[in-house]
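Order of writing sets the labels: A, B and C. Residues in every chain begin at 1.
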Amino acid sequence: MWHQQEIHLPELARGFHLITDEVVHALPCLSECSVGMLHLQLMHTSASLTLNENTDPDVRHDLDTFMRRLVPDGLDYFRHTLEGPDDMPAHVVASFLGTQLTLAVRDGRIALGTWQGIWLGEHRDQGGSRRILTTLNGCEALDL
Amino acid sequence: MWHQQEIHLPELARGFHLITDEVVHALPCLSECSVGMLHLQLMHTSASLTLNENTDPDVRHDLDTFMRRLVPDGLDYFRHTLEGPDDMPAHVVASFLGTQLTLAVRDGRIALGTWQGIWLGEHRDQGGSRRILTTLNGCEALDL
Amino acid sequence: MWHQQEIHLPELARGFHLITDEVVHALPCLSECSVGMLHLQLMHTSASLTLNENTDPDVRHDLDTFMRRLVPDGLDYFRHTLEGPDDMPAHVVASFLGTQLTLAVRDGRIALGTWQGIWLGEHRDQGGSRRILTTLNGCEALDL
C-alpha cells in the first residue's frame, strides 16, 4: 500500500513542539498497515523534524536554548541577512537537525520507543504555517 | 519483501561503537534482497545512529571528544537535570546525529562505501541495553 | 517499481554545492513514478548530503563558514590526523549533517518545497570525485 498526504500545521512559536498526535490523527490509514515505513518531509528550510523525548517540556526548552547559543541570531559574518537576523541561524539548525524523517510502522502504528516523540523545530520568530508531506509504504496483514 | 525485526544490543560504554557486524548478522534475510532499503530506528532518545569511518578507532574517539566539549555535562542553564548531568547532553547529541538511518541494499548486502560503517553513539554514562527496530523493504531477484 | 543507480559527481571545491539538477537529470525514471521514496546515500564519510535553501549562494557560504568555525581544522586534541588537518573535521561534519537522505516522490518528480534543494557538502580540501547510490521505490499511476 502507498499513501501520500500533506499535513498543514498552524503557525507555531519559535522553539520545539511535540507533533506526534497531529501526525497520527492525520493518518488513519496507518491502522491498515502491518509493516511499513512512514516518511515525513518538511517542505521548508528554516524549521526541522527530529525524534526526541516525549514527556518533559524542559527537554524541548533546553535544546532550543542550546541551539540559540550555538547559532546566535545576527552573527556578524553571515552574508544572508536580508530576511532578518533569525533567518540564517534557522537554515543552519534545519541542516543540523534535518528536515526529513523515516519512521517504522508496526501493527498499524508508528513504532516509537516509550520515550520517543516527533518534534517540529520552528527556528524563525515568525515562520508561518508549515507543511509536512507524508508518504506511507507498507503491507497489509494479508500480504505478509 | 518486507521484514521487521528488533536487534538488542548489550550495554555499551559512553562513546561511539561500530555495529555493522551486529546488524548484518542479525539479518540473514538481507541475502535474499536484490534491491531495497533497510531502515534502522533506535528506540531511544539519548543515543544515536550515524554512518562514519569503519577502521580507525581514533575517529570514534575524536567525535566523542568533540561532542563532549560542544555539549558539556551539567550546563548551568539546562532545566532537565533530574536524570543526571549527562542526560540532557545525551538528548542534544541524539538530535544532532539522529536516531534513524535508511541504508541502501544491493545484491544481498547493505550497500556501504569502502570506509563506511554503522555507528551506535551511546551518550549516557550508563545507558543500559539499546534496541534497534529494523525494517527491510526490497525485491528479490525475480521481481526486478 | 524499484530502480537503483549510482551517480558520480566530479571533484568539487570544499563547501556546499546545489546538486538537485544533477540528481534529477540522472534519474529519468522518476517521471514514471506516481508516488514513492527516493533514497540517496553518499558512499563517503567526509562529505554530506542535506536539504537546504536553493537560491541564494550566500546561504551555502554561511553554513560552510559556520561549520569551519565550529569544527576548525587541526584541533589539537584530535588523534586521527594522519590524513591531514581537514580530515577529522570532515568526519565530524559528515555525521552532523548526515550522508543519506530520503525524499518523497510525487507525480513523477522529487517533491521539494519551493525553496528546497539538495546540497552536497564537500568537507575536504581535495575530496576527489564523490559517488551517490540512489534507490527509488514507488508505484506507477496504474498501481494506485
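Just so it is clear, contacts are C-beta pairs under 8 Å (C-beta built on N, C-alpha and C of every residue); 3 or more make two chains touch, one makes a residue touch a chain.
Which chain is which protein? Per UniProt: A, B, C = YjbQ family protein.
Not measured: the values here are computed from a predicted model.
Engineer: Since chain A (YjbQ family protein) and chain B (YjbQ family protein) share one sequence, what rotation angle in degrees maps the C-alpha trace of one onto the other, as a multiple of 5?
Structural biologist: 120
Engineer: Counting shared numbers against all numbers at the contact of chain B (YjbQ family protein) and chain C (YjbQ family protein), is it over half, same, or under half, different?
Structural biologist: different
Engineer: Take the average of all CA coordinates in chain B (YjbQ family protein), do the same for chain C (YjbQ family protein), and state the distance between these two points in whole angstrom.
Structural biologist: 20
Engineer: On chain C (YjbQ family protein), where are the residues touching two or more other chains?
Structural biologist: Residue numbers touching two or more other chains: 37, 70, 96, 98, 102, 137.
Engineer: Hey, which residues of chain A (YjbQ family protein) end up touching chain B (YjbQ family protein) in the complex?
Structural biologist: 35-37, 50-53, 56, 58-59, 61-63, 65-66, 70, 96-98, 101-106, 111-116, 119, 137-139, 143-144
Engineer: Over in the complex, which chain C (YjbQ family protein) residues touch chain B (YjbQ family protein)? Could you list them?
Structural biologist: 2-4, 37, 39, 41-45, 70-71, 75, 77-80, 88, 91-92, 94-96, 98-100, 102, 131, 133, 135, 137
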